[in-house]
Each structure stands twice: as C-alpha cells, then as structure tokens.
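To keep things simple, chains are lettered A, B, C and D as they appear, and every chain counts its residues starting from 1.
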Amino acid sequence: MNNITIRRVKSFVTAPNGINLVVVKVETSEPGLVGYGCATFTWRYKAVKTAIDEYLDPMLQGKSVHNIEDLWQTMMGSSYWRNGPVLNNAISGVDEALWDIKGKLANMPLYDLLGGKSREGIELYRHADGNSIEEVKENVHALIEEGYRHIRCHMGTYGGNFNGKRQRIIKPVNAPKGAYYHPHKYMNSVIKLLENIRTDFGNDLEIMHDVHERLSLADTLTFVKELEQFKLFFLEDSLPPEQCDFFKILREHTVTPLAMGELFTNPVEWKNIIQNQLINYIRVHISSIGGITPAKKLATFCELYGIKTAWHGPNDLSPIGAVAQMHLDLNINNFGIQEFAGFSEAEKEIFDGCPKIENGYAYLNDKPGLGISFNEEKAKKYPPVEMDFSWLFSRLPDGTATRP
Amino acid sequence: MNNITIRRVKSFVTAPNGINLVVVKVETSEPGLVGYGCATFTWRYKAVKTAIDEYLDPMLQGKSVHNIEDLWQTMMGSSYWRNGPVLNNAISGVDEALWDIKGKLANMPLYDLLGGKSREGIELYRHADGNSIEEVKENVHALIEEGYRHIRCHMGTYGGNFNGKRQRIIKPVNAPKGAYYHPHKYMNSVIKLLENIRTDFGNDLEIMHDVHERLSLADTLTFVKELEQFKLFFLEDSLPPEQCDFFKILREHTVTPLAMGELFTNPVEWKNIIQNQLINYIRVHISSIGGITPAKKLATFCELYGIKTAWHGPNDLSPIGAVAQMHLDLNINNFGIQEFAGFSEAEKEIFDGCPKIENGYAYLNDKPGLGISFNEEKAKKYPPVEMDFSWLFSRLPDGTATRP
Amino acid sequence: MNNITIRRVKSFVTAPNGINLVVVKVETSEPGLVGYGCATFTWRYKAVKTAIDEYLDPMLQGKSVHNIEDLWQTMMGSSYWRNGPVLNNAISGVDEALWDIKGKLANMPLYDLLGGKSREGIELYRHADGNSIEEVKENVHALIEEGYRHIRCHMGTYGGNFNGKRQRIIKPVNAPKGAYYHPHKYMNSVIKLLENIRTDFGNDLEIMHDVHERLSLADTLTFVKELEQFKLFFLEDSLPPEQCDFFKILREHTVTPLAMGELFTNPVEWKNIIQNQLINYIRVHISSIGGITPAKKLATFCELYGIKTAWHGPNDLSPIGAVAQMHLDLNINNFGIQEFAGFSEAEKEIFDGCPKIENGYAYLNDKPGLGISFNEEKAKKYPPVEMDFSWLFSRLPDGTATRP
Amino acid sequence: MNNITIRRVKSFVTAPNGINLVVVKVETSEPGLVGYGCATFTWRYKAVKTAIDEYLDPMLQGKSVHNIEDLWQTMMGSSYWRNGPVLNNAISGVDEALWDIKGKLANMPLYDLLGGKSREGIELYRHADGNSIEEVKENVHALIEEGYRHIRCHMGTYGGNFNGKRQRIIKPVNAPKGAYYHPHKYMNSVIKLLENIRTDFGNDLEIMHDVHERLSLADTLTFVKELEQFKLFFLEDSLPPEQCDFFKILREHTVTPLAMGELFTNPVEWKNIIQNQLINYIRVHISSIGGITPAKKLATFCELYGIKTAWHGPNDLSPIGAVAQMHLDLNINNFGIQEFAGFSEAEKEIFDGCPKIENGYAYLNDKPGLGISFNEEKAKKYPPVEMDFSWLFSRLPDGTATRP
C-alpha cells in the first residue's frame, strides 16, 4: 500500500450559489482512488487556483499520498514566505483531499479515523437578517419552525446598512463610492432589534450577533457592555485580527461569550488570545488556515484552554469544506457549535453526500473519507461568476476606508 | 532644486481673538518661496519667541530646506535638554513651515504629499457651555442648527465654575486668590446637565465632556463610572499627564471612550497608554510635541493600536496650526474627530486660506503646502495682548493649588 | 492635477539573474506618466501575478492616483481575508508605483517627498560564503577590498550544507529527498569559521550571521550564547516567525544584537517583539508587507522603541524594490544597515537608475520618484525561468521537514 | 513674619568659565532680605531668562515668600503646558531663592532646616579625559594626588571623538558637518582605556564612565556586558530619556551599577525605572526638574526603593546650583556621590561661599540659607558669551543625527 502516489492535483471553480467555490481533486496512482478538498477563498479564487495549478501540482506529483503531515509541512515551507489566505487555501485543498483518500484507504469515515464520534449530531446555527425589525423576526420565526435553536440576528447586513436603506448618513461632499455605515446608528439598531427579539421569542432562543470587525475599539467596548443584557450565545468577531490584543480589555468588561477568528490565517493571530483564555469560541475558516491538519491541531490547542469550536461556515465555502469541518465537529471533545447556511439544490446536485439536516442538527453519512463527491460535469453548469465586491469597500460616514 | 536654503526664520505674535498666537515664517534662498508654521504656546509665548529668534534662526540660516527629518532631529538634540512646551513649540513653527515649503516645491497640498486623502471632509466637534442648563442647551441647539453633530457640553467652564457663579464654596479664612471650584459640586452639575441634554436632544447627538485634569484620581474613578449611562462620544483629559498610569485602573471601570493628551509634550507620556490600548483618542496639541513630523509619527503609532486622533484644536492655536492638523486629518486612516472653535473675522483677515466649514465638516483648499498665508501688515492691527492667567491658578475649596 | 487616474495596472516577470522578478507598472490618464513597483515573491510569483492582473487591475482602473493611503487600505480590505505574501506583494507593486508617480508629480525624489535625507550614503552589508573556511575568507577579503565594512559570513549556504559537501549526515533508510543538514554540525562549523575570521581580519570587521530559522529553539538558545564572543554586528532570523515569543528568553541570554523578520507578512508578527524591544533590527522584505506605505509606518514604530532597520535585500527582489527600500533608508532617522547583493549587468540593462555603489555605501540618484525605470523590451530577453526549489525542502538528518 | 512678600524676581547671566550661567535673585519686602537660585540651562539660557523676566516676575510680585510649596505648584500649573527644561529651570531659580530666604529667616543653613546633616562631608567624583591613554592616565593621576577616590574616565570627550583626533571614520560623500563618532571604535577605545587604568591604578580606584546616550540600544547592551569586568562604580546615562523602558533588558545583563537621568525634565521619565529599581543612582540636573522642592521629593522617592543620588554637577550649573545640591547631599540619608567639576577663580570671585574641597570631600559653610551670595558687579566682568554648539550636532559615520 505504501506505493500509492499522487498522480495529479487538479482544481475546479464552480458557482452553484453565485459564489465561486474552489475544489481540489487529488488523483492517485491507484485507479479510481481520488480525494476532494475545499480551497475556497472566494474573493481571490483565481490566485488560489494559480497556486494550486502552478506550484502544488508539479511539486506533489509522484509524492506518496500517505505522509500527510510531512506533505503539509513541505507545502507550507516550500514558498519560504508563508501563511496568508491564498497559499493556505491552496494547501487546504490538497490536505483535505489527502484526508479523504486516507479515509477511503482505511475504509472509514474521517471522523472514525480521527478517533470516532464524540456526539451523534452537530448543533447548527443560522443567520437571520432583514430590512426591518419585523422582517428579521419573520426570518427568525421561520428558522425556529425549521427546528433551529441558535440564530444570528442582524439588522440589514453587517454594519446594519449594506443596501443603504436603514441608515441616514450625512457624508461630506465628493465622498467616494462605497458601502457606508454609521457605527452608532448600527449599534443602536442592534440594541433595539435584540430587545424586540428577546421580548417576542423569550430567553430560550440562543442568539448570536456578528460585529464583523466593523467597529472601532472604542465602539466595540461600549457595545459589548450594552449587549450583555441580552445574554447572547456569543458575540462574533468583535475585533479585527490585527487588534486581538484588545481582547484583554474587552474581556474585563463583559461576560458575554466571545467568538473570534474567521479571518485568521496565521498561527500568531490566535496564539495569545487562546493561551490567555480571552475568547470562548474559535471560528476559523478551516481552509484559510490550511485545512484539516492545522484545524485538528488548533482544536487540540483550544481544548487545553477550555475553548470550543465554531468553525466559519457560511456559503463562501463548498459543501466539501462544510463536511470537512463537520468530521472534526463529530470527533473532537471541545466542539461548540457549527455555523451553517444551508445547501442549495444546485449544490446538492454537484456535491453528492451533503449532510442531512434535521431539527437543527447536521448528520454526516458513514461513507469512507469525507463521504462527499464532486461531479465535474454538473459543476460546469455553474461556471465562475463575476462577484460583487462592493460590500468589501466599507466606509465610515466621512469616507474613511474600513476593513472590511 | 537641492540648493534651496533657509535664509531666515522669523517669528510674529498677533492676537486677533485676544489670544496671543505665534507664527513662524521661514524665508528661503528662493525669492518668494516662504513657509509658515504655528508655534503657539500662548501662556509662555515670549519664551517660545526667544527660542526661535535667538537659537533656531541663527542655527538654521544656510541649512537646506529639504531635509526636514534631519533638521527636526538636529533642532531637538541641539538644546541637549529637550522636550517640553517651549522648545517643542519653537521647533513646530519651523517644522510646519518646512512642510509648507515642501508642499510648495512639490506643487501639492500637504495632504497629497503625505499620501493623499483618506476622506473628503473633516468631522468637527464644538464646545458649548453656559451658566445655566438652559443656557448650555441654547448653545447646543444653535450648534446643531449650524450642522454640527458632535458637541462638548459643560456647565460654566472647566471645573464648572470659572466665573464663580455656579458653585457656592465655603472657603477657610485667608484663602488666597484663585479660580476655586468644588469637585463634587462640579461632578453633580455635569450629571444633571447631561441628563437634561439626553432628554432634550435624544441619543443621536454625540456628546463629549472634558474633565480638564481637575479631579483627583478618586473622583475621576467615580465620575467615569457615573458618566457611562450617557454614552459619551468620549471623555477628555480625565487625568493629568503625570498620572497616566492610572488609566489602567480607569479602563477597568468604564467602557466610555477615553480621549487624552492635550498637555503631552514628551513621548514618554503617551507611550505606555498607547501600547497598552488604554485610551481611544490621542489629543495632543501638535505644536506642543514639535509639529507635523512627530504628529505624523504619533498618528502612525496610534494606528497600530487601533487608537484614533482628536488633535487639540481650540482657539489657542493659530489658523496655521489648525490647518496643519487638518492636513493630517485628511491623510491618515485613523483620524477620529477634530476639535474646532471657529475662525473669527479678524483671523480670516490675517490668515488667508482658512478651511471652509459646512454641515459640521471642514474642507481644506487644494493650494500647495498648507494652503494658508499670513498677512504681516494686517497682523499688526492685532498686537499681543496681556492675557488673563487667573483661571490657571485653580484651587480646591480649602485653597489647595491644582493643575490647572 | 487632481483628476489623474489609473488607466491600467500591468505586471511583468523577468529573470535577469535567473530569479523571477515581478515588476508592476501603473499607467495613468496622463500621457507618459507611469510608475513602477516591485512585487517580487519569487517562489509564488505566478500567484502574485494573478492577484495583480485579475483583481487589482480591474479594481483600480479609473481610481485617482493621489490617495495612496486610501487605496492601500482598500486593496488590503477588499479581499476580506488579508495579509500573507501573495496579496501583500501584489499590493506592494501598486503601492510603490503610486509613490513613484507621486514623486514624479512633485518633481522630487521619493526620499525628499518623505521629509528629506537623514544621511548621504547608505551603509551596505554583503554575504560571503564558501565550501571551506579558506574559500569564505577569500570571499570576505574580496569584499573588503571593494570597500565593504560589514559582511555576513556563512559556511556553505544556510544550515551550512546546501550542496551536501560540508556535513556528513547519517540518515535512516528510505529517507526522502531534500536539503539535509545537521544542526549541531552546522553550529560547530560556524563557530570554527568565526574564530578564523576574527583571527585573520581582526575586531574592526563587522560580521553578521544568518540562522535562517533552521534551528530548534533549544539549539538557537545554545548558539546565541556561544556566538556572543565574536561580537557580531547582528545575528539574523534566529527564530521562525511563528516562534517570536521565544525572543523573550533569547534576549535574556545574549547581548548579541538581534535582527529579525525577513519572513514577516502580518503586523501581528512584529508587534510584540518591537514593543518589548526584544530585537534590535527589523528586517522585513518590504514588498512582502505591502510596500512603502506599511514599511514607512513600521520604521516609525521601530523608531519609537530604539530599533533600527535592516531591510531584506538579496537578489530575490528587483532593483526597483531595492531602490524603494533605499529611499526609506535615506529618509528615516532609525536606519541601521542595508543588505545588498549587487546588481548584475543584465539587471542594469533592464533597470535604468540603479544606485551607485562606492566604498560600501549606496547612493541614489536625484531623479523624481523612485528614480529607476523598467525597459519592457530588454526584459523580454530574460524571460521567467524554472527555479530550483530544492533548498526549500529542508530536512533534519532523520528526514523531518523543517522550514525552510 | 507672615507678611514678607516678593518684591521682585530678577535674573542675571554671567559666564565666568565661558559657560553662560543663569542666576535668579528674589528680592523681598524686607529690606536686605534676598535669596539666590540657579536657573542654568546653558544651551537655551535666553529662553529661561524670558520665562523668568516676563512671566515669573510679574506673577510673583506681592506673593508671600513663605509658602514655597504652594508657589511651586502655582508656577508649575500656571503655564498650563508644563515640565520641560526652559520652564523648569526658571521655576528652579525662584524655588532655590525661596529656600535660601527661608533659611535666612530661620537663621539656619538649608541642610539644617531640612532636618540636619546625615554626614559631615560630601564625597565627590571628577571627570578625566584625554586624547591618548597616557594623557587620561596623567589626568587621573593628578586627581588622585588631589585626594579624589572617584574618577570618571573618558577617551576624548563623549563618544570618544569630539575633536576628531581619535577615530578614523569613513563618511559618505557630501556628509554634513557635525561631531562625528563611530560607536564601535568608541566602545573599543573605552575597553582598552579601562584595562589600562585598572592595571595601573588597581581595584581601589572607583571608576565611572558616561555613555552620554550616544549608543544605540544594541550597542549599549553589548557595552554594559563587556564593561562588567572593570567593576565600575557606576555607568552613566547609558540610554536616552526616551528609551528608559530598555533598562529592564539592560538590567538583566549586567550587575554594573547604573546611574541615569541628567536629562530628565518630567516626572514620567523617572517614575518607572525607580519604582522597578532598574537603576542605582539618580542623576538629575536639579534645576532642570524645578529646583530643591522637587529634588527633595525625588530623593525621598528614591530612598523608598534603595536608590541613591548622584546629582548632575559639571560646570554648566552655577556655584549656587552646586551648593543647592550639596545641602540635599548633606541632609538626605540616601546620598550616593556628587559629580563635581571644581570652581574657577572667576567663579569664586563672583560667588562668595563656595564649598571647601578637601581630600575628595566637599564641605559647606554654616551660614543661613544656601550660604552663598552673588556679586552682581563682579559678574558683569564675565558677560554672556557665544557658546560653541557644535558638539551637540552629533552624527554617526553615515551622517545620521543622534542626540546629543
């Protein structure tokens, strides 16, 4: 068995939901034995694809499929400069595919290979927004009806104002184009929304909210304190990755559970906030840190400090990526909750083996490896699309560029 | 171009608003090419003038105008003992004038030279006070009518009592002259005022308040906590520069945004509170730290820690100084807000190129350099005045001298 | 002047030294007005090129060339996931080109625009290695003859063993291919080399050495202590970027000046070691952190903490990148030293305006902007090459993959 | 007695040693009752004089002479921006004069008033330099012959090279004028000098050395470690005031006693290094921190942490300033040693009451107050001189401006 080698690494882009997804296939010397991984960094997917096609494919051809740890270290080191979302996603595509292959060789689902299930179903949370409090509440209600117990509630989109309907903003003349939002109006609108939600849905509903890094440190601090009354399940990404030192001060002012990290792409970003127990949920986008290999290590690190997982899981990752996370979710002891955005029919058509969702839980199948396959032909029906970047050009009322 | 040298450094004092302003003119070897800077430390302006006329002028004659960084370091080092408001203001006058010249040589407004605009308008805040709650509210109302969204609200002046009308104070016999105030009466009056303001003007008005370093550490701690309910935009100068270590404790007790630093004159004063993210807005008087060169560096330092700028900007700096700040305000990413006190007609007569104010925003012109000139002849109409120092001799009820 | 816009962003790859260099040209609406920047991340240059051609070019077309700060923030934020070497190098190419354009618009060399020269010449250091102590010494001697006073001395290449001649290593059977080295043999060989160098060349020669992150924490600690006797000018990259927390312990055991950071690509990596003054020289590859805009900010940050610059400067950056660094070198007060690898005749043919080197100092010309141009036609004579990655697959004697 | 008031504050400048000294006289409502103080900040003496004549004199006329503490606080607060060498020296002149008056009113020497003598004589240290090791040794020998046991030893002047004779420096072309020095050559020359001194004079001679802030943090660190073998009495001013945080790291690498602070002018500068016991001797120039009032407090603060005094005492302070220090030296428990530069005949002619020096000790007289008077007439024989600033324009070999 030790002579199975990588024959080829191929990348695919498909957009079944209007969002470009990057899928990696690792073909092996063993006829019929392939693995799939997710490399979706949708906002720079072409650069990821170049990294896979031009560097990882030639570098890996002929290498043994077995030594995933060694290959991961080699891929990471071989660019000299390393980390960052482009290279990490490329590596993730290969890494996940190799774990898929490993499972197939073992004839085991990945969760089984990693040490078996720690639970039977994966608790999910969903996102609800709307242009009015009523509209949000309707969306919340619908999700509850579907069986969900954990819902992230937002006025408008992030910052409360992507489509410009909710906030009246006085801009200076000649202000450049962009996705303007007003921090204080946004904060006030969330407070009102949550008051309404708690009144209507009671205290049993588990509520999340996502700051999406849009607030200054000063505003974040005020906001976390005021939010405490709503007993959130957690508050997401209250700080940008460059400012995580500020969690020390934030933590002193709130007992609200803090989730962080969908933008992390470098181990230095999460090290201090974990070893100082400043957050409660780690939220990385696992392909952005390099796949299953580093995500499993990160989960282990978090377990040591009593921190749980809440992997980033909206529809800017492929069902393969979603399933990869869920194998970890089933396996590790310190699973917290899983973000989930649903699978479209188009996705299910392309990706065979999507988990079953029932009563707010996800259930993986028990096929070997990741248990999900990619239909290249059907994927062609959903070719890459031009994406709307405009919400990423976020600006304060006076025109200051913010991230994101 | 490399042979343009400094021909002469001249200083001027003028008092168009009854406040002595110090202006520096750097004349060059190039006929007609001059630069202007602000060196206004109004309470010791004659000492600043001596430092300029007797030391900087002879030292700089014949030096190249181009190497501002080198000249700044040389001016700073050449006194051996350094920092402090007198020498820093003198250096600022030259530094700002040299940046003005650099812009003129480049035929660019300074903000463009520094890397261009990060916003189109500069959000301003104004000061409103009065001898009764009603009077303050009238002043607030008038400013809102003018288009301002951010207003600093005070009962009386700093400490609540400059003119003696607001606080009944029982002093011991033979108490020396001075500006007496009663900390607890002051604190209580502010609480009442802000309750009134919030009731009448709602939550969208952005409110500031300035402790002006007048409280003991104990009182400040109590005060910041009680103020939290009013959701201030920020609280200013809650501690004297000698006591900034206490921000560590203050920060643990309030999420109110904290602005600090109009009295800073030494980099050691701001280093720790910035690197520990204990404040949210830096408020230095930029001529008191040495001009544009160090202010740009300080802004960069703050950016790294998520701290924004709110340069000190009342009418104890010249319109040249105001404009120098505003070039930074337009350029840097981490601009927060700009204090502003309006320009009098007399100021506009002397200083051609004052920014346009509209709807709470300031707009700079697009002339090269600082874009503001100084009319020496018209300045003579407003010669230096004797200033009233008495409010700087502040005393507690029992006569204890405080600062200020 | 304010209506000059970006017409097109183009990228080029050329390999005059057998190393693929990425050059960015920003064309403007102003006929003849273009700027050049360096985006060289040679080990993944195609991914950088994709990022430029597919994302930055369309995003920037029609944008004003003036507001560099705003464009930098926008480029950085527009990928949502950010930092990392691919995206940062792409941004750097544009950023440096925009500063080149700004200088041309101002009709000033960039160093002048940034505040002028703080020195007249840029002190350089060179690299000397060899397969025997004698060979290294010959190379050192030759560099001294050329006028250099600072030389980095190495046995073999990094880790002492790239070509396999210097270290006899006993590997296990079936050990995979790679660049094997033996840490303790490497360490011992360096000690011997430096004893020889000091004996022959005396104490006035300034010596560097580069660990190139190849040692474990344990070995690094031992090594830095033993090296202290040789009074190095500095020791380079003694730790990998993921392990910079260990500088706290390293610093306690040696007074040898420490230089760090050629692999940094994320501000979180350098923040703590700078604010705690654990290193003495910052060594980032400025295109890998995003160009002149962030490098100037980083230099300012270091200045506040008494840390000097030693930008990464071997021949895996283009002469444009070399010159961009040198403009900062001339301008900032806290310049330390500049790594330099010489320019080949082929480079000088393609890049007009390379600095003059004399007596160990580099001198920039006084043309506007960066003062260097790129000849597209001549560049075609040196098309991209297949590069040898093998030294990046470094392995310990037992086969363990290391980085790099 | 309580009705004695300040009639006038007068300032004088005299240069008996070719160094401009500033003397303050406070005249009182009591005929014949005057006090003298030192306000010597020689490099900006005219600005100090302006501060005294234009601000302190009018402000203090009519104020009671008795309440020194209140007046000191009032002078400090009355400029709003405060601290810094100009204003502090001006305040010092008044403060020392008021203590002189207080002693005269009490008919006691100041040391007696402050609590009496803690010792009978004041141990002094002297400075010895020279352009060759032999010359330094001759100067050391001569001082030993005079009875001194503590000598500060230097090659050339600070940085080893003021007059250009000692260091061969390769500068870039067009390097600007300045006092060039080469850090490593300086360091090596000191090591050689101290080896020689220890060999010739043995271990009983107490040796100091003064880095005079001329080294980078990296070089300082190396230097302190190498100096340890010479068992210095102390190492002076190894860091600039802006970089005192680095004492934390320095302290970990040497047991050499560390003296610091001749440039301090702001309490924030000394607070942390004292409360963390990072230095062993405090060395402020007492007029630069505001006179006897703050110096007594600083000595008290240091006592609490086991730190001793070594007030800055070369001939850039007047004999009045020297005597003011010595009253503290006699009084406080935690006196360490006193820097001393001798009194010239011209000084003794002007200042009646200079301490007697014998066998390395200074002895104060037992007259009331400071016990020293100022002869205005004789002072006129030594009018202010133009001073040579050139050694304050210190530069590294490549031309970088350093401080000082």
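Here is the rule we use: a contact is a pair of C-beta atoms (placed from the backbone, for glycine too) under 8 Å apart; a residue touches a chain by one contact, two chains touch by 3 or more.
On a predicted model such as this, the values are computed, not experimentally measured, just so you know.
Between the Cα centres of subunit A and subunit C there is a gap of 33 Å.
For this pair, subunit B with subunit C, the centres built from the Cα atoms lie 40 Å apart.
Mean C-alpha position of subunit C lies 45 Å from that of subunit D. One finds 63 Å separating the Cα centroids of subunit A and subunit D.
In subunit C, 70, 73, 118, 267, 271, 333 are the positions where the chain touches two or more neighbouring chains simultaneously.
Viewed as a network of touching protein chains, the structure does not reduce to a path, ring, star or complete graph. Going by the touch rule set out above, the chain pairs that meet are A-B, A-C, B-C, B-D, C-D. The touching residues of subunit B, when paired with subunit D in their complex, are 41, 43-44, 46-51, 54-55, 59, 70, 73-74, 76-88, 176, 241-242, 244-245, 263, 265-269, 271, 285, 288, 389, 392-394, 401-404.
Across the complex, subunit B meets subunit C through its residues 1-2, 64, 66-71, 73, 102, 105-108, 112-118, 267, 271, 275, 293, 296-297, 300-301, 303-304, 331-333, 366. Of all residues in subunit D, those touching subunit C in their complex are 170-176, 184-185, 188, 216-219, 221-222, 224-225, 242-243, 245-246, 249, 252-253, 396-401.
Taken together, the subunit B residues at the contact with subunit A in this complex read 118-123, 149, 203-204, 206, 231, 234, 251-252, 255-257, 277-278, 280-281, 305-308, 333, 335-336, 358-361, 363.
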